[in-house]
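Just below sit the structures, each encoded as structure tokens.
Two complexes, one shared chain (chain A), two partners (chain B, chain C).
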Partner chain A sequence: MMADDWTELYRPQGLSEVVGNPKVIKDLRQWAISWEEGHPVHKAVVLMGPPGVGKTSAALALAKDLNWGVVEMNASDQRNAEAIKRVAIRGSRSETFTDEGEFLSSKDGRLKLIILDEADNIFGREDSGGIPAIAELVANTQQPVILIVNDFYELSRKSSAIKNSTLQLRVSRVQAGTMRNVLRRIAIDQELEVPQRVFETIIENSNGDMRAAVRDLQAVGEGNLNMDEDDAFVLQSRMSVKSMYDLMRDILHDSDVRRARRTQMDVDETPDHIMMWLDENVPLEYKDPEDLHRAYLHLSRSSMFLGRVYRRQYYGFWSYANDHNVIGVCSAKSRPNRGWVQYRFPSYIMKMSRSKALRSMRTGIARKISEHTHNSTRRSAQDVLPYMTEIFRADREFRVSMINEMRLSTEEVAFILEKKVDSSEVKKLMIESEKARALKERPESPAVPAVDDKEEKPEKRPEPKGKQASLFEY
Partner chain B sequence: MFQAKFRSDILKGIVDVVSTLIDEAKFKIGDNGIQLKAVDPAHVAMIDLTLSKDAFDQYSATETDLGLDLEKLKEVIRLSRSGDMIEMRQDEERGRLVVMVGNVTRRMNLVSTEGMSDPKVPNLTLPARITVTVDELQRGIKAAESISDHVALNANVEGFEMVSDGDTDSVSLKLPKALLVDLQCSESIRSLFPMDYFSTIIKAIPSGTNVSINLGNDLPVRLDFDIAGGKGSVRYLLAPRIEND
Partner chain C sequence: MQEIWTEKYRPHKLSDVVGQGDIIERLSSYVRSGNLPHLMFAGPAGTGKTTSALAMAKEMYGESWRNNFIELNASDERGIDVVRGKIKEFARTAPIGGADFKIIFLDEADALTQDAQAALRRTMERFSRNCRFVLSCNYSSKIIEPIQSRCAIFRFRPVRGEDIKRHLKTVADKEGVIIDEDALDAIVHVGEGDMRKSINSLQVAATIGKEVTIDVVYQATGNARPDEVVDMVNTALSGNFSGARAKLDEMMITYGLSGEDIIKQIHRSFYDLDMPDREKIRLIDRTGEIEFRIVEGSNERIQLESLLAYLALVERD
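And then the complex of A and B:
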């Protein structure tokens, strides 16, 4: 029994056993009923939320409650556009055999729930067809579909179709009280004597992640069945993976320099990263201008050291940067701020990473322009692209000929027009330019019989293996 | 324990059919032969295959499960010519299967059968039963494949019909009673199926085989046919497509 994974062993067997998020559970149940009645408003549901809060559990519990079949594609399976088509899309068009070999007919409300777990990181870089495949699944499915994501933004940014045609339900972190009840129940079931202190430590460390909490309880339980109070401390040190948020609190909110330093050593982050976090969060905690002045003085010193690290490639300076970051900033305050502050992720990093795709798209287009204008890529981006963009948006003929001339991809066209990749304007335009290209490459009327083709073929043979177009160029 | 010697086309017959549905299979080895039951990952089709020990030239086994990667078995088949002998032996200590084709010895790791399901073939009442040589169906499939992604199977007292309706074109294959080996059907029956599943299984059945098609209205189709010269048999079930209304 001990070897089993408790997160599986104690997975909820029905929606009523899923803890927390009552609104989500209710909406999910209603959505399922609309499917059974045959007229769902939304064919697919997106369950979004942080890891370990019960998204997959809720989906599986729903299927169990309704006696539906389940096709689950999770992160461990091979997943790309091809696999989604082969398994999820094919499964979504037909009736069902269960793993036990039972036949389910949708006419009797016996459906097949298709679950795409971690749908936001299905697609690696090499696989660009993933999102269209999901969009197709969601649009044409005859069976209920649940997409499970941590970050819906990633998915919706790329496809408005997925965003508009799904029901989105946000699953939030599990509250401490709820968690305590679940952990207690498991402990009783496993005949574990767990001191209150250990429960609290586990709950605090889990930060609302039910799965992590159950795992930790199992780790505790498998080591020692009769724990005394000391185990809580062992546990604490074992699990002291500190986050950037802990570090921010120790530096900015508290005044214990030593502790802040210790936390910084525990946190696996580089000083430049920590500096950016401080830069974002110092003004949230420090209200006195004098304090701010002193804190930023240390940050600027830290930045100077980091510059030297970069120029000389001498990482010994990191320790100075760290001292300024941690000790300097921590001791810069005249008195601690009493209120509670929600720390923010550095907006600089966020902006840069959000614009990364756009920046590389821009460079890609500029590179194509530079090939045609004999400019440098930078010049093309600075001087040519803005004008080209304007004309491109205004003049339809220019659009079509530019797409064909520069072989602009759908993504690039969408970028220039500032439209989504799967918007109808972009699609139409691509079809139009496709037609224009076909027309251009075949200037003679299509009535020219195939015989001509054959006659010319021997002449074509000796040429280097090339594009079909070369046939018509002379 | 499992140890056997057999002609390579026996293995080919099995792998061709099974690999239309799954990549990894759990072969249940018994005293009297081999059995395999599986549902495909999309939960649309299932297969139940039995092969008697008489199909083998040599067979000795005690009950065990063998999890095998079908892609690897295909590689083994490619090594052999039709009629070649293949020898297989389970290496229980190392969890491997040792396969010998001529002078080539291939050792392959077994796949864990944990988590592989044990489906039971559902008890369905399918009123129509059409028996036909697979070659007749293969011609129809060839004509219909590119037309549409679904295919309707119809039967009535006069015969059997396969219809594929696409957006622009349509194809139908009509087999009157005279062209069938056997027809048992008292009413008019129709079900719609996904083309890709139906065509891959029909194409995987060796030429000359008699296939029984068991049909109902909006019910799964069950294909029954023999393999290994009657020493084994296959039941293949395919769930109907859900029709847009």
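And then the complex of A and C:
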């Protein structure tokens, strides 16, 4: 009938409609009341939890309940310091306009809820300064602020201000029973007859993600007036992660090579992805070192075929990679493992994506070193950075001089020292090197009239005097 | 301490370059004659390739060396097109200060692919009227033959222990660092003929105290460069595959080491292993096969893991 998105259509209209997590809802309401009364202990709340459990819904519902305005930013916005300052801080200070532009006197102006959605996504991007801006916001805001994150760890590690001055509420996955009730209500509203089996499959696949469950219900249910049990299977085959677990069991736990092959063909996954999954899980099942070694011989071969696919852009080699993955690894075991093993998503992929920001920070520093030491970035990262880090941590004079010579940023200094960006140590050090630079520059700039001295902005740094840098500018 | 000592004490004159006697003599005679063929400096890290090129330029051009010398890094500049663009720009103008030619120093030339090297060869030809190329690389064999045949090749050897020691002493004296004989030997041992590494070790040790002893050296180098690869290899050999793999991930993820770097270090670590040589050569052969597979373009982590799984097997029988 209608192309409405059910996840929007059935979004809770008030806090009482938000399902699950009663304690979080209670705390959130209490925090809001403290703002209404004008004495919030915490100016900002962090809602943390997995996707689709109602974090954004709860924030929006809260605003609705209390008739607050809403200023919303999410990761798709340009999340740099400027943008946050512009929208969030200005929005928070001006009490006289609603977001619709409606005029209100500051006295009876409504509060405005500032929602920073996906606030943990600020990492690994070219938006340095974003974290200090958030820290400033949560400390100085005149309006209630909610930060929404999947993973709070990174954010809290980078800034103690964000960690210490916010109220953190952990939103848990929605329980099956709760989910069943919601899905039933939606089904009734849509006048759908949904077989029990379909409900259960949706719930099982969703893994506590309410939004995913509603989306799936819409996927099988919309316009489908004669739903039957088979519709559940349509869903199941779309859920490739689940099938990947099945494939792991068939290859690693059992010894029926033919069935493993069948499962592999049912699973819509590329051999390189299957290889990564096997790589993660082989050691959990193959406890005999002989078995493990044999399995890795096949993964190694599989990876060679994949390399050839990549080089020649000839996908014919995929089948050989698949056979090494399935037949090779499955037959590598001398006997099936009896114990039960919980398979895991490839941790390497996760670790790599989590450490992306770290790695790009390292590369950035190495690039600065390389301009200074007649080296490549790679060699600087490997041969110079480890030593420089040690000297840097141990010697004050060296720190100050290197910060100025290489023009290291606050974030980079914090990274080298393994301290937080807004820690007093890093702050002091940056001020100190600022002073040292000012002192050093003065006698060297006779071209600048003395009058301008005072006005010189600290950001104005001279071009580096390093030998190689000037060569490259040729 | 205000500077990185490798920079502070980088020689400005050819005669001050340590431990490459014959090469330095040849380069000095080029300077005297005012003429230069294309050169290739091959050799391991920290043996004086860049330093010699810089010193040669300074002696050749004096004050105006910066105008007549450009330093490019093949592994940093993205692709041969960027390198060629910079070379073109640089070669366009005439040498300054009465010189006949300019010098283009291309560091890590072996980082260029075969195709890029072929392009480089044409560039070299095009600009050889007023430019000389000095290419530096770890292995001259990684450079295509047409380029090799156009260059005089100099092989920089690892700097001898006594030469490194003498130089470290000079640096220590100038910095007011007291260092005993044992400590010097320790640095030399860890440095493996790499002057940069040796001086870096000395500087880190000097931050711990003005009196550098052997314990201080090992503390310093251990902090800066813990021997993670040896650690990983031993963990694998003890049969603990998962433990070894965790260390591998740490190196690749946190320290950003490439598979090729790690496999080379693994290879080196085998020399010190306590096992029969016949066994050892089997490990080494296997390592070579793994490196081949990595170079061929397969997934380097999977390959290294398969080597670890092999090591986990070895010690058992």
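Keep this in mind: the second predicted complex is superposed on the first by the 247 of 474 C-alpha atoms of A that agree within 3 Å, B and C clash if a C-alpha of one lies under 4 Å from a C-alpha of the other, contacts with A are read in each partner's own complex, and residues count from 1 in each chain.
The criterion applied here is as follows: a contact is a pair of C-beta atoms (placed from the backbone, for glycine too) under 8 Å apart; a residue touches a chain by one contact, two chains touch by 3 or more.
Worth saying up front: this structure is predicted, and the values here are computed from it rather than measured.
Which partner does A:Lys435 reach: the first (chain B), the second (chain C), both, or neither?
Neither partner.
In the superposed model, does chain B or chain C contact more residues of chain A?
Of chain B and chain C, the partner in contact with more residues of chain A is C.
By the touch definition at the top of the document, which applies to A:Val71: first (chain B), second (chain C), both, or neither?
first
Once the shared chain is lined up, is A:Arg378 touching chain B (first), chain C (second), both, or neither of them?
second
In the overlay, answer first, second, both or neither for which of chain B and chain C A:Gln143 touches.
first
Which holds for A:Lys112: it touches chain B only (first), chain C only (second), both, or neither?
A:Lys112: touches chain B, not chain C.
Tell me which partner A:Gly307 touches in the superposition: chain B (first), chain C (second), both or neither.
A:Gly307 contacts chain C only, not chain B.
Have a look at where A:Arg344 lands relative to chain B and chain C in the superposition and call it first, second, both or neither.
neither
Counting contacts the way the document defines them, which residues of chain A are shared by the two interfaces, the one with chain B and the one with chain C?
In chain A, nothing is touched by chain B and also by chain C.
Please give the residue numbers of chain B that touch chain A in the complex, ascending.
37, 39, 41-46, 117-122, 124, 193-194, 196-197, 218-220, 237, 239-242, 244
Under the stated contact criterion, what part of chain A meets chain B in this complex?
Per the touch definition, chain A meets chain B at residues 69, 71, 86-88, 90-91, 93-103, 105-107, 112, 142-143.
Under the stated contact criterion, what part of chain A meets chain C in this complex?
Within the complex, chain A touches chain C at residues 272, 275, 279, 283, 289-290, 292-293, 295-297, 299-300, 302-304, 306-308, 310-311, 348, 351-352, 355, 358-359, 362-363, 367, 370, 372-379, 381-384, 386-391, 394-395, 397-398, 401-402, 405, 467-468, 470-472, 474.
Taking the complex as given, what residues does chain C use to touch chain A?
Residue positions touching the partner: 1-4, 6-7, 10, 45-46, 50, 54, 66, 69-71, 73-76, 86, 89-90, 107-108, 111, 196-197, 200-201, 203-204, 207-208, 220, 223-225, 239, 241-242, 245, 249, 253-258, 261, 290, 293, 296-299, 301-303, 305-306, 309-310, 312-313, 316.
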